[in-house]
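Shared between the two complexes below is chain A, which has chain B as its partner in the first and chain C in the second.
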Partner chain A sequence: MPGDSRRIAGPQDSRAPHWFGRQQETHQEAGGTRQDGRGDHDLRPVYLHTGVVSQATGSAYMEMGQTKVIAAVYGPREISRREEFTMKGRLCCELKFATFSCRQRRQHIQDNQERDGSLIVLQALEPAVCLDKFPKSQVDVYITVLQDDGSALAAAITCAALGLADAGVMMYDVVVGCSVRQCGEDQWLDPSVREEFRPEVESAGDHGMVTVGLLPSLNQVSALVLDGHLQQQTAVQAVKTCISGCQGIYPILKDCLVSSTRRNVPSLEQKSGQTSTDGQNGQT
Partner chain B sequence: MSSTLGVLSDAERLFIVHGVQDDLRSDGRACEDYRHVEVETDVVSNTSGSARLRLGNTDILVGVKAEMGEPDPGRPKEGKLEFFVDCSANASPEFEGRGGEELAIEVSNALQRIFNSKSTLDLTALCIIPGGQCWVLFVDVLVLECGGNLFDAVSLAVKAALYNTRIPTVIVTADDEGQQEIELSDDPYDVKRLDVDNVPLIVTLSKIGHRHVVDASWEEELCSLARLTVGVTQKGTIAGLNKEGSGSLDPESIYEMIESGKKVGVVLNSRLKEALEKEENSKREKVGFLG
Partner chain C sequence: MAADFKTAQPVEYYRRFLKEDVRPDGRELGEIRHTTLNIGSITTAEGSALVKLGNTTVICGIKAELCNPTAEEPKKGFVVPNVDLPPLCSPRFRPGPPSEQAQVVSQLMADIIQNSGVVALEDLCIVEGKLCWVLYCDMLCLDYDGNVVDTCVISLLAALKNVLLPEVRVSEETGDPVTDMEKKLPLNIRKCPVATTFGVFDDHYLFTDPTNEEECLATGVLTIVTTEDNKICCMHKPGGTPLSESRLQDCINRALTRAEEVRKLIHETINSVER
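Presenting the complex of A and B:
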């Protein structure tokens, strides 16, 4: 991949020092709980907040444990490039990992994994957005992962959907993302980066990671990605666990939207006679 | 993606959807039938392995080139596999210039996903000197004609080409000062082959109406909003899964699709293996491209 000449890039062949040390062990020690003390089907604490970018039509910030994602939505605006006329609007998604977000430093230019992620997020959001309400216009969604501590793709899906909702883009439903890591018999919901599926360290067997994007009130799956090798039964089971995980995050997202509406409409605030809190902390 | 390849009138669309509902598609197939597949290996002499595959009207040519390079620092004892997909303008005028790039990235990501596991291909067999030299296999996919179901056709062709790949044997010797030297065998028949038994094939299931079909033609692809690409190995393991398209799917229908994907994929794997072994053992003249 060619470098960006406008920026001063680090040496191409530099390595972070941890490459030379002992490789981190990946999973839990034998005997039940995970490294951070969660049960197998527990989510990390989720924090959601809307309206974080004042210039954008809508924006959202999400934390899942240490994974931090910010999304900004611009539009609907006229399609800038000269293209054929469509009665349907167009949705554009760009997912980017900040260069310092992962253990290994990333480049400024979108790499293959980010392009793949952008497409997954786009296809996760498309079924939810009423695109026929925006003829010949487009909505841009920019998602930046500030810190990747596992399940970044799932967080990106949720955060982007919240941003769209904050922008007032008409939608059939929000989209909630959730990941599951399958390791032999064990199934870990919402894996952290040390629990995530890394093909280079995995031995053969039932190993993989599933990410699902769910339209929770319509009960439709809009994104489904599986990496690794799984038996059919295990794969189906993992998808089911993901769906229940999504259903766990959904109420937090709803609460966040309600409180952001209260913030934005002061008359509602007076009627209810109480101050709303910023975002919600929740754990299932 | 393939919506760029043409348009369909409402009447045609309705005809296809109703046909699928009654398990009879416009070319006479049932919902879980593949089109006729033709495969031929060793078609390009300058490669280490090559295959040409025709699935209905979809035409794929794959060339594998083995070169020597440095392994990734994180995986010093393994060789590398690189996929490049080229949607040539032959297949569709929309692919001209950078037009095919988006589709090409989608296909190469799908390939990357199904090969993204240690149990797929033994990459340690491609190691020459741990941490120093390894074989890098460049798998170049050329799409010559696009008649629907590109993903399945590409994965079939890639597996056939990898089956056909022959990597020359090299001998590593150390001289007195401990310098390692690589020596290539003089005998052109002194080669090693890859074990492709665990390489998965992609089965794409397109949701049309309330049912799903495998191996959709391009007309059928236009009628479907959501597709599921399922990687299936010979033993029936699910290796990679991705939902594509702008539609969403019911969880129940996803489970059904995974099941029928697995069923079809296992058969497809064994048929391909049979065909490749039969071709290798027969002394038949090469047909070439216009045969």
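Presenting the complex of A and C:
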């Protein structure tokens, strides 16, 4: 990394050990099912948790299989740089992959993929946040992918939305992200990293990846990213699969928010508990 | 009422607590927050560890790569530690290049690795003058609530103990390295450095493991790193209040007992993972 004097520099040139690996990993095709034994339209196990960063206004952690994402939300706070006056608030997103998150080591400085991802997450969240509720101020969302095992962008969208909800930022709806990988005839929901980087089969007509950000209770799509080349019919089908995937994650997210609110406001539970016992007393 | 007093007169608020030999979070002066350790959770890294010290959270991931050793030191590999304090972990950090504090902590980590001899760089050499390992040890702070140095050292040590390197042979025909990803070998960890940080308040109160608030109020900070043979391998006191010799001795004694506890914790965690 030339010109980075603020970090401790390693040797000029180094290569990951799997470059020199003897046998390349063979993709084993077991008829119908995927490598981890899921069906084509099955999600991996999802784990969500809020309030993981004590210093942040709101934060969330998400696991989808081995993909691990953490998001922290700060604000609404004053816009640091002097800019034009707006009655609308500003949302800022920064997506970063940890250096150790992928098989190939990533650099500290934000690369193009991360910048691209930041923008997609921002555009997915913007329609959901009531920006006119906090004029002249900004909300910062920082997302770090700790381990990328596929569908990292989709996980980042979900995690960021959950962080915003945890921070108490007013929103019309949460946003849930989900990805689909189309490879020839096969359509895989929530692909793992091996499925994402599958080499193109020469004869295959369709080859691509679709990521959707969905506002589940409004049933509106806030983000749609399509890489590769798909026939119109397949593309529509892939988006539909994504949406059904999002609807599958939504109940988990809802449960997580309800339980975190219970945790944060214990008085609420006590009060409701008291009133119920009072009611019972009244009845007896 | 207490909250108002704290906002208006934070130092006086603190002083009142310290007079009673207790801290606002209920700890005694020498007490250290609860330490939790999780080893090997990042499978894309060769070694990884997540450490929580109270609220402070640091995750360390180690990526190993192959490279050429330098001409000056043909028998030595590299260990490259970097501490990242991203804007995610605290509102005091802004996006952009590493802050001054991150640079200081990174350099301190490099010094600790070098002075303690936790990894012998000769162990990382595969073919003299031709091929060696470089270990990129990246420590990422996820939650900044003070005392990030101690947390980083624990995560680094635990992650190093978790490292498994693939076996490398050099093919005789071409001279290119060939790795066997199936066969993995652990790294030889020679020493176990553990850091303990103290905050100095009002020139005479000493408290261990300061939180973010305490760090802001402290008039000086002292970090002592010890290894298992009760040797001090690094002492870091960036300015601040001067300390008398006897106070320093107290700190060293506290650091030695703390280091023993942490080593026990790491040992137990590693054993539980392997089972």
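Here is the rule we go by: the second predicted complex is superposed on the first by the 245 of 284 C-alpha atoms of A that agree within 3 Å, B and C clash if a C-alpha of one lies under 4 Å from a C-alpha of the other, contacts with A are read in each partner's own complex, and residues count from 1 in each chain.
To be clear about the criterion, a contact is a pair of C-beta atoms (placed from the backbone, for glycine too) under 8 Å apart; a residue touches a chain by one contact, two chains touch by 3 or more.
Predicted model, so just to flag it, every value in this text is computed and none were measured.
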Point to revise | Partner chain in contact with A:Arg15 - chain B first, chain C second, else both or neither | key: both
Review point. If you stack the two complexes on chain A, which partner ends up touching A:Leu146: first (chain B), second (chain C), both, or neither?
Key: second
Check your understanding: Looking at the overlay, what does A:Gln220 touch: chain B (first), chain C (second), both, or neither?
Key -> first
Practice item. Considering only touches as defined above, state whether A:Asn112 meets chain B (first), chain C (second), both or neither. Key: first
Exercise for review: Could you tell me if A:Gln231 is touching chain B, chain C, both of them or neither one (first, second, both, neither)?
Suggested key: first
Point to revise | On chain A, positions contacted by chain B and by chain C | key: 15, 19
Practice item. Under the touch definition given earlier, write down the residues of chain B that touch chain A in their complex. Key: 73-75, 78, 105-106, 108-109, 112-113, 116-120, 226, 228, 233, 236-251, 254-255, 258-259, 262
**Study point:** Contact set on chain A toward chain B in their complex
**Key:** 15, 19, 112, 115-116, 119-120, 123, 126-128, 199-200, 202-205, 207-208, 210, 215, 218-232, 235-236, 239-240, 243
Check your understanding: What part of chain C is in contact with chain A in the complex they form?
Key -> 41-45, 48, 55, 57, 59, 61-68, 70, 78, 80-82, 84, 86-91, 94-95, 97-98, 102-103, 106-107, 110, 134, 136, 138, 140, 142-145, 165-166, 168, 176-181, 212
Practice item. Write out the stretch or stretches of chain A touching chain C in their complex. Key: 6-22, 52-56, 66, 68, 70-72, 74, 77, 80, 94, 96, 98-103, 105, 108, 140, 142-144, 146-149
